[in-house]
Every structure is written in structure tokens, then in C-alpha cells.
Amino acid sequence: MTDETYTASIVGGTGFTGGELLRILSGHPDFEVVQATSRSADNMTVGRSHPNLRGLDLRFSDPDDLESVDVLFSATPHGVSMGQVDEYFEAADTVVDLSADFRLPEAALYDEWYDGHTSPEYLERAEYALPEINRENLSGADLIAGGGCNATATMLGLKPLVDAGALGPDTGEVVVDVKVGSSEGGAGGGAASSHPERSGVVRPYAPTGHRHEAEIEAYLGLDVSFTVHAVEMIRGASATCHVFPDEPVSKADLWQAYRGAYADEPFMRIVSGGGGVYRYPEPKAVAGTNYGEVGFELDPGNRRIVVFSAIDNMMKGSAGQAVHAANIALGLPEDAGLEFQGLHPVGSP
Amino acid sequence: MTDETYTASIVGGTGFTGGELLRILSGHPDFEVVQATSRSADNMTVGRSHPNLRGLDLRFSDPDDLESVDVLFSATPHGVSMGQVDEYFEAADTVVDLSADFRLPEAALYDEWYDGHTSPEYLERAEYALPEINRENLSGADLIAGGGCNATATMLGLKPLVDAGALGPDTGEVVVDVKVGSSEGGAGGGAASSHPERSGVVRPYAPTGHRHEAEIEAYLGLDVSFTVHAVEMIRGASATCHVFPDEPVSKADLWQAYRGAYADEPFMRIVSGGGGVYRYPEPKAVAGTNYGEVGFELDPGNRRIVVFSAIDNMMKGSAGQAVHAANIALGLPEDAGLEFQGLHPVGSP
Amino acid sequence: MTDETYTASIVGGTGFTGGELLRILSGHPDFEVVQATSRSADNMTVGRSHPNLRGLDLRFSDPDDLESVDVLFSATPHGVSMGQVDEYFEAADTVVDLSADFRLPEAALYDEWYDGHTSPEYLERAEYALPEINRENLSGADLIAGGGCNATATMLGLKPLVDAGALGPDTGEVVVDVKVGSSEGGAGGGAASSHPERSGVVRPYAPTGHRHEAEIEAYLGLDVSFTVHAVEMIRGASATCHVFPDEPVSKADLWQAYRGAYADEPFMRIVSGGGGVYRYPEPKAVAGTNYGEVGFELDPGNRRIVVFSAIDNMMKGSAGQAVHAANIALGLPEDAGLEFQGLHPVGSP
Amino acid sequence: MTDETYTASIVGGTGFTGGELLRILSGHPDFEVVQATSRSADNMTVGRSHPNLRGLDLRFSDPDDLESVDVLFSATPHGVSMGQVDEYFEAADTVVDLSADFRLPEAALYDEWYDGHTSPEYLERAEYALPEINRENLSGADLIAGGGCNATATMLGLKPLVDAGALGPDTGEVVVDVKVGSSEGGAGGGAASSHPERSGVVRPYAPTGHRHEAEIEAYLGLDVSFTVHAVEMIRGASATCHVFPDEPVSKADLWQAYRGAYADEPFMRIVSGGGGVYRYPEPKAVAGTNYGEVGFELDPGNRRIVVFSAIDNMMKGSAGQAVHAANIALGLPEDAGLEFQGLHPVGSP
Amino acid sequence: MTSDTDPVMAEDPITGEEIELPADVEVGEIIDSPVTGTELEVISLDPVVLEEAPELEEDWGE
Amino acid sequence: MTSDTDPVMAEDPITGEEIELPADVEVGEIIDSPVTGTELEVISLDPVVLEEAPELEEDWGE
């Protein structure tokens, strides 16, 4: 642990994940937020954008006037950070980026899945933020790339099976059916995200070809059949993975695989059967927190494993994951600033 | 068409699908509702249970006092109709049952999937209600078995592929990931369906082993990997089917298969791509109606077909399907009483 | 009644109330829709905007190319119709306007509450559409002005008290506390109506000074204390009126007043106490329909009457009201095209 | 501050407010939870009832086996604590009760508003928990009575006007129109609170005669006209108070009154106009927190003040208020355990 | 309504209007008024006398 | 549809079916197919030739 307080700034402070970073870091014992940027709300109080933060005595500043800090968090749309990364490193020792700009290990993947990359020289330096996948490389990292929320949910569900050898590149089809809340789209909005049109949907929004497939392939080595649906919630991403192992597995095998992977993880919970109302992972159970829940079930005959996982897309799926990774990079307690346990009951959070 | 008005009674009139039957039949040009039964609300007005039907001058009566009618609709929990079917046929010429009691073709299937059957002699006589699957046998049928809502959504999505030969018993895994609203659980309720606990969920409620698999196997000849999630809506069932055809197929092939199957169907719509906000099937677009929407998309490389289908579980998925089948059985216009087009915008209907 | 079919066009066909007009009129036995206009979706099918109307074989056309019809319905934002009314009457014999442009009886009121009026010569000719308030003047009317949704809900609740003499200009404070759904804002949207921000609110959106006060004053002669809250629903407006009569009244007095006013009204229901879940007016009970519900309760001591009323803002509160009024103007059955009874159960419709 | 850790037990641990107490106290630096009771889930883990607390290593125990602790919190239905209070004091030095059993100052009020009181001798000893109303008497109190959630919302809104002399027993009508979420009903449920029936409502649930009027009269000296509506949310209570002062007041007067009352309060925020989406108090802005928001607006002519207030019914409206009061009683920092700032965006929390 | 017996008439205790009840109502039964929806208790038959049923103190949560 | 001019016919590029378009369509205009709903670009008139319109890369959030 450390006595030092790290100064931090947040680029993209009016956004949804920027707001979460503000909330987390302003309550974090080892960080002091000195700056949050906005072009559209320059000089306005942060509480005007984020009503939960009215108590915070801070005004947005222009992203062109970056102050010198220990850690800069960037929560801007895809494409911004890759153009600003030199300026970021002039202002800060450590850069944590929540966008897709440094997530993939090779420039060629940006050509394939995005519109190319303008700063490919940083890709090798960047470390993927998700500790359950990449903890060993995060300590001391100075460029951290937050994972995609749907990719995070999926990889948390599948990784124990990969580690246990029940699943690999040759296993056969892995179908991943994801359900997500409306905050995934960010604060920008648009016709499809107006309240009357977006409410109550079960809407196929990425039927095929979602870019998060690239991360899953890069970090799990799996080619998955990926489909994303928008459903009625604001916070939450839930992945249901249908896996057909070569050899039948038992419930005991599965418990062993998941316990082995996550028993020591501070933010992972295995929820699989049991009693009461909440028997499998659910976004509601983790809303507002950095926790991830995973669980599983077997088809009669054991020829299919169904894996469920649930996260809050803005926490474990981005801002929480980013702070978790920064904690590791800086040698802080892993859960510092991330202690919130979530609410019960809670509706469509 | 006919000049005759058919008299009808509804057993289970306080229930959710019983209420829909009341709504449909009381607006149907060829039916007159003479009785709706309830044990718990005997002698009360139907508007007390169903506030939309306050205008209806009808009181619930006891299910033991069945009047003589042309058609009896039964909307009771599984197991009731199989015990009452003799009494039903004493009271009525035609019986339409919405429960699972006569859905499966053989008694052995009831042993396998349910708790056996007490009136197996009726199983051969019963006709499955879904016209898109079984229209040719419905004309003149006197025992009609309404399909399961999740099975209906799934079969509507997959049938054109089966007919076109793109999918068969040997095709390989078919993953069916279903999302359903809370009215599927009926009016009974319980701890898991209280508002605070049920709101905003993405909750795996039938991870594996759902009974509707039996119908899909019986009527499509397919063994599917079936998982059902409860999501935030009241009305609606949406099935996403992930199919891996032996041979790659093209978009044009798919259009041809689905147009071939449904171009002449009065209640089926193909919604697949296009512009605007509603590009694929959605429960919101059919809420309150007897319409079903289906659509599809292809993975890059064409190795996976994703099929989407959406229905209102209480309409196309039960009460509407039942009246549609009864219309065919009696030689009435197929859409009589089922003209409602649905609403836009509409929220979590 | 008549054998004639009236041709109709709808200006503002992509909008929310324009979509409702399309739905109602395309199912209306005495109307044929020949045109629906849009500037933004010119030549596109109406089903692209309104997924429930995919079955309709109609494309939007330009509002500058108005065809000659019997009745023109205009569902445009405030200020458009007053500028186009001459063109409207060139194209049609009867004009039904859903905006505020012809609702108020005098130009001075537009100076006070809006930004003045550019065609004040039409104000005297216009008839207010709400039949419960103005039926006697609607027959043969050729310029019909649809009421405001919140004003409609309020006036339906209070009018029986005014008629019965329990409420008048000198009565003392009448507090009207309104709760409305998000479709009131129209299809346009904006930051405050994005799904993440608008969901689940109880948000004071017109704390004081709402323009609908002008209509209530004009047609009921009452000066009310009016506050509007946005709540979580898409369709619906609910007004709670707190009235302090000079003399104490009894429940029997109230029943007499409301029965006297509404017993013969085809679309009004009194819901006031009783058993079951739905004991007072609720938007859910009328969603999608042209019905209005009113009910009341008394404080112990009978010094306060609380009046509840509930409508669907897009039906009884605009498009349904407009068609109802047109039916009366043309001598058609009052409920033609407006037979839909609504749904149960239904969520946040 | 203190070095001591207080032991605490919670009677009614499976309930909604019991769950909140568990969440707050298990994260409270000065408390250690040693016991949570349940009759129905005796010996089960607390995480089975409250999925957010799966990390807590605690099992429910029988309420008949109370352990000796410093502070006992009781979160049982009305009527339980008055029968158990002797046992409570045998087990604990300080008792904090969340029910209505010790809220009112005199036994006569229980005869009038409830079904009488069986332990009236404790009424004088009890202190009302809401610090903004009763802070001066809480220090050292050993029987603390948590306020009613709707009464709390109302009194927080009106108290500054009473203190400033703008409102008093002779002022004339004060209309209080409250909107509440479904968690107010507790975990018990019932037909009216099933998801299909409770979703999306604007439902008058206490049209008149609500028991919280008694508290408002007792602690503010005001006789209010009180009406409560159930709306679509789980957490939240929002009170809109319509006040007609004898003398016109200005905006400046109001700011002065509210700033005077709340500028030093750690949990009160004045939100009144301003820019952005959140301009007045809203339950969403305080969901999950112990904050209360108040705001106001004036009618043109200044003859009506509209006061808005918003709280989380389970936090500021009960469990949070209870811990806040206990903190004061024990001399702990007022905000200990209550630091959570809430979420943005958040849906129907 | 059973088709074999005629409905019986009674006076609504709240509005005074004549209302129709099923033929088989019994003394003590609770039935809702078709006019007001109010729950009414059948006090006697022949003639049918109705009274407002004591309200179930259902406190929908607080 | 304008009543004074007849609709024009064209071949749907996806299904090959004949579809009806408004009389006043212009080259370059985007119009949706009544069969598939797909957005089509009018490439030429006389005869009317349609092509699938390049899809708007609208990423509904991620």
C-alpha cells in the first residue's frame, strides 16, 4: 500500500463512463481528481451533467488544456485517443483508455475490424485492462486499454472453460447471445435511443459481426458466433454462452473449473442454481458495482454447457475495470474505490 | 363465410389468456360469449379482473355449471383440461384448449416431459392449433390444442429453413435463445414475480430442459438447444435461433425460403434489415396483436444463420392462435376478431 | 349513418399522433386514407416509421403536394397549421387540426400563452374537438381543433363538478397534479428524452405555467393550479384534481354528478372504489383506446374531493379525440374506428 | 469520533429495509453486524435473500434467539415492535425501530390512526429519527423511531416554509401529491404488486386518509391534504406540495428559507431550476443514497408555491435515516456508512 | 348468467339505481355493483337488500 | 401515391420480385422496398434500376 495520493484527470467527463470514473475516483482513498474535460459543457459544474455528483466541487475544463497529473483516464469515443495519445503522455505518466483504441494487439486487426489505426506504435505497449485475463501484465503498466463491455462479459464466462481445457479453438460452435442496456450507447443518443422507441425492447442490434468478437478472438483464442440484443435496462450486460464440449462434462467438473478460476478473484462470484429468486447471474445483482457474476447449467445428456455471466457495462465493463487495472498498475489495493456492494431490491437500474 | 353466430364459453376467465379470449371473442363478429368461469371470482363482473373489459356485461360463473355452447375455450393451468375433457365435450361441440394437455401427439411424451396423461385417448383426436404448422388439419377439428408460446416463436422462425431443406435432424446444433415477458407466468404470481424482484431482469429462468422442446421436436422434427430468459416486458416472446447449415446459404436463398413460407400467411411478416429504428422482429411491434414477425441475418462467411422471431405470447402465442385455429375449424375468415394492428409507440407492453 | 366513404389525408404522418391517425383511419369503416405526408421520409413506406403498420400499402408524400380529399387531419407541431390553413381548405372540405393552433377562442389568448396567431380569422370558425365538452357544436363543423392532452384529462375530471355546481370560478384553489408519459413529447426527442435519462423518472417538467391552463380556463371557466410530472410510461396522462368545495358533498352526490354527466357517454367510465387491483382510473386500463376513466374520493370530513382521471394522451388526448369529433361532424357513428378495448395485462405501454 | 466498534443486530433481515440495514451496517466503519433474524429463512445465508450481499458471511437466525448487542435495529411490519420492545431492550442498549410503532408522540394518535398501542409507556422515550426535524433530541437517545417515507419526503419539503413563517396551521390548504415506488410495499407482495399488474402504473393507492398525515401533523403542526400514487419505479418517493401562502413570496425569499434550513445539512440538496436535464428534485438522482433533494417554483402572480422533494424511500425514508439517527445518538460522524453517492445514468432503480 | 334462471333486480345502495344480479346470489355473498363497482354484501333475498361491504383494510404498503 | 400519375414498376434487387414505386422517384433517391424493407438506391430510371443502398454504419452503441 502507499501513502501517496495520485492526481487524476478524466477526458470525456460528461459522458456516461466519464461520469462513473468521476464517481469512483472522487470516492477513492488514493486518488484526487483535478480535472474533467468537456467541450460542450466547458466551465459548467460536473453536477449539471451527473446529478449524483452535485456535491462535487469541480467544473469541466477544455480538453485542450490538460493539466499535469499522475494518471489520465480517457473516456472518449473510438478514434479520439489514438489521435491524442502523445498529448496524453505529455500530461501524465500513466494513461488509461476506455475506448477500443488500444485494445487489440495488432494494427492489422484495426484494419480488419475498425478503420485502421493512426498510432500503431503504442499497441505493443498497451496492456488489456481486465485483471481476470491479464493481471500478470498490469503491474507497472503505463498504457492500459479498457475492454469492451460485451467482450468482458463473454470472456469472464468462457475463460474458466478454456483454462480447464473444455473449450478451445477446435471445439466447434460457441454461440454467444448477449443482452445489453441502453447506457452502452453512451450519452449521445439518437432516434433509436429515444425513450418511446427504446423502452421495453428485445431488439437485435448487432445480429452478426460485432466488433467485440475481435477481442474475444485475441484474448481467448476463440472464434465465437456473436449476437447482441438491446433489452430494457440502462446498466447491464448479460452474456449467455452455449458451448458444446467434445467430451461430456459433469457439474462437478464445472464447479471445479469455475472455482479454480475465480475463488481468489475479489470481484467474481459464481452463482449457479441454489434457492431463492436469484439463482443465476443477473445484471440487477451487480448494478452499480464492479462485480461480475458467472454461472452455468448442463443440458440433459451433458452435451451442452450453458454459461451465464452478468456485469454492469459501465463498471466491470469499463470504468470499474479501468480503475481496478489502475489500482494494480500502481500497486494499490485492488478494491480501493470499488467497494460499493450494489442494491436490493432494484428495478431496471 | 357464415351467418351463424357461435356461442362460446371460457373456462379460466380470470386468467391472463382467459382475459384475452374474452377480449377477442367479445369483439368477434361471429361469436357470442355466454359464459366465463372462475372459482375465485364467481358472480363478480369480468371488468373487476380485466379493467379493459369494464364495458362487458358479464359475470363469472362457476366452472362446475358449464352451459351448453358451440365452442368451449379452456385456459386453465396444465393438468386441468385432461381431467375435464369429458365434461367439456358434454357441454360443447368444439373444445379449444390453451394448456399443454393435448399438445403432444403421444402419451409417452407426457411421461417424458410432464407427469403423464390421464386421458390419452384424446391425443390422436387433438389438432395442434398453429396454422402455419398445421392448417391443413384444422378444418373441422373438434379438439384443438393451443401451442406453447416459446415453441410457437421458435417454430415460426425455423420452419421455413426446414421446409427449404437448409435445416434438418442431422444439421448439427441449433441454439435457441428465448426472451420472454412476465405474463407468461400467468396471473398467479409468486415471490419471483413480484414487481421489485421481477422488474428489469435478464434472468435465466429455464436454463435447460424447457418443456417446449418437446413440441419443437414433435412438430419440426428438430432437437434444439433451448434456453429461456425472463426480461423486462409483460407481453412478448422473442426467439433468436442460431443455425449452422451444412452448406452456406445466401441472403437471396433466405428471402426465398421465408417469402415462400409466409407471403400468403395473413399474420406473418418478414422484417429483416431495412432502415429506420425497427429493422428486425421485436415484440413491441406485435404487442396486442396476432401477428408474428420473423427475420434473419448471416454471419460473414455465411456459416451461421441467425433467425429472429417475435410474437405476443398471449396472442399469437396462445389466445390469438386459439381463435385463429377456431376460425379455420369453423370455416370463418381467418382474421375474424383478430384485426387489431398494434400500437406505435409503445413501451414495455 | 352513411354509405359514403370519406377520403382523408394526414399531414405529419411520421409523428406519433400522425401514426395513430393512420392506424385508426386505416381501420375505420367510413374512411379511406389516400395520403400521409412527411418531409423527412418522403417516398418511404409508412411501415418504416410505424412498425405496427407494415401491412399498410402506403408511402409518405411531400406536404407541398396535398391531394384533394374530404377530410384533412393535421398533426404537426404548434405553429404549422396556422400558416397552412388556407392551403388545407383548398385541398379539403373539413380540416381537423391536432395542434394548439385553433384551440383557444380568441387571438388575445395566443398573445398571452403562445407567440401570437397569424390566422386569427379562423378562430371563431374552429370548434373544440372534445365531445364531452362541445358535442353540440361539432355536427357539421368544418374546422375542428383537437384539445391538449393534459387539458383533456383535467376537464374530463372536473366538468361534472362544474355542471353540478360543486365547483365554479369562486370556489377556491383547485390543484391539478398531472403525470404524463414520454410520447407527449412527440417523435422528435432530445437530451432529456433519451432512454437512459428519461427512464424511471418522476420529473417535474412543467412545475407551473403550463399552456394547457389556458384551455381549462377557456372551456371550464376555472383558474387552476397546474403542475405536470413526467413519469415512466410512454402512453398515458393522469390528472389528480384536488378540489375544496364550499359546501361538503357526499359520495352519493358525487356519484350522481358523474353518472349524470357520463352515463350516456360512449367513451367515459366511472371507476371509483370497488374491489380488485384496479380501483381508480389508471392510464394502463385505457392505453391504446379512446376511453377516459374518471373517479373520485372524499377526505374524512368531506372538505376535499380528490378526482382522478386517466386517458391515453395519443388517443382520447389527441388522435382518438380528433376522429371522434370528425365522426360527429360527419354524422357517422361516434365510435366508428375507435372500438379497440385495450389490453390486460399490459406494462408501461 | 470513537474507536469503539458497536455490535448490531437486525430483526427482519429478509425484508427490504432489513436488507438495506445489512448493506449499510456491513460497510459502516463503526458497526459490526452480529445477527440478522428471519423466521422464514432461518439458517439461510443472507445472500440468498439479498443477492448484492452474497459476499457477506452471515446466516439468518431466529428472532426468538436475540443476542446481546449494543444496538438492535428492527425492520418488521407495524405492530411487531410494540409487542417485542421489552425483549429488545433486554438484548440491546439502544433500539432503532423502522416501523410506525413509536413514531407518534401520544397513544391517542394510535387509537385514531392505527389500531391502538400496546406499549404506550415507551412513546415519550422514543425520539423521531429524522435529523432535519429532530437532531437536537437524538444525541444519547436509546429508542429511536424511524419516520414514514412519505411523511419524510413531505416534511423535508415543507419544513423550511414553516420555519420561515410562510406556512402555518392557519395558512389554508396544503395539497401534498406523492408518487412512490413499489418497494414501499415491502417484500411481501400480493396480487396488486405482481409484475404484470404493478408495472407502468399511475395508480391512486391512498387517495385520502393516509396514515402518514398523522406524523406530519405531529411534527410540523400542519393539516395536509394528502394523496399517494404508485408509479413505475422500485426505489423512490417524491412529494409535490402545493402551498398557498397568505402573502406573496419571491424566489429570493424561497432560496433564503431553503438555504437557511439546509445549507449545513450533510444530506440535503436544493435543486431548483438551473440547466441540463435534472432541474428539480428526482428520485433517480438520489436512488440508493441517503440524500434528499428539495426544490420549488412559483406560479405567475406568486400565489402558489410548488415544492418538490425526492428521496429513496428505503434510505432517507427508512434504513438510511435510521443509521443517520443512530450515528448521531452514538456520537459518530453523521455520514458514517452513508457515503454512497448514487448512480448516473440509472433507470427505474 | 345462467340461462335457465332470470337475473334478480335490486337497488344499488349508493346510487339508488336498479341493478341486475345473478339468479343464484346468496345471503352473505359479496358481489360487485355493475354501476359503481363497489363491493356489496347481500343482506337479504326476497327482496334483495344490499349493503356496502366492509372494506378490506388492504394497506398497499407504506 | 399521387393520384394523377401511375406508379412505376421495378425489379427488387434482392428477391427479384416486381415492386411498385411512386411515380416521382428520382435517380439517386433512397427508397425502401415494399417486399424486404431494404433501402434501395435508384440507379437509373426508364427502366428503373435499383441497388441496395450502402448501409449507414450506425453503431447502436458499444
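Each chain carries a letter (A, B, C, D, E and F) given by its place in the written order, and its residues are counted from 1.
In the analysis below, contacts are C-beta pairs under 8 Å (C-beta built on N, C-alpha and C of every residue); 3 or more make two chains touch, one makes a residue touch a chain.
Which chain is which protein? Per UniProt: E, F = Acetylornithine deacetylase.
Quick caveat: nothing in here was measured; it's all calculated off a predicted structure.
Note on interfaces C-F and C-D: more C-beta pairs are in contact across C-D.
Chain centre most remote from that of subunit C: A (centre = mean of CA atoms).
With centres set at the average Cα position, the gap from subunit B to subunit D is 45 Å.
One finds 37 Å separating the Cα centroids of subunit B and subunit E (Acetylornithine deacetylase).
Centre-to-centre, using mean CA coordinates, subunit D is 41 Å away from subunit E (Acetylornithine deacetylase). Each of the following residues of subunit F (Acetylornithine deacetylase) touches two or more other chains: 32, 37. Annotation for subunit C: residues 16, 44, 48, 54, 182-183, 187, 191, 196, 199-200, 233-234, 271, 274-275, 279, 282, 284, 345-349 touch two or more other chains. Residues 34, 43-45, 47-48, 54, 57-59, 61, 65, 67 of subunit C touch subunit F (Acetylornithine deacetylase) in their complex. Within the complex formed with subunit C, the subunit D residues making contact are 172-173, 175, 177, 179, 191-192, 196-197, 199-204, 207-209, 225, 227, 229, 231-233, 236, 238, 240, 242, 244, 277, 279-284, 295, 297-300, 304, 306, 308, 310, 345-349. Only residues 16, 19, 23, 26-27, 44, 48-55, 181-183, 187, 233-235, 269, 271, 274-276, 278, 282, 284-289, 339-349 of subunit A touch subunit D when the two sit together in their complex. By the touch criterion stated above, subunit C contacts subunit A in their complex at residues 16, 182-183, 187, 189, 191, 193-196, 198-200, 234, 347-348. Residue ranges of subunit C in contact with subunit E (Acetylornithine deacetylase), taken from their complex: 251-252, 255-256, 259, 270-275, 279.
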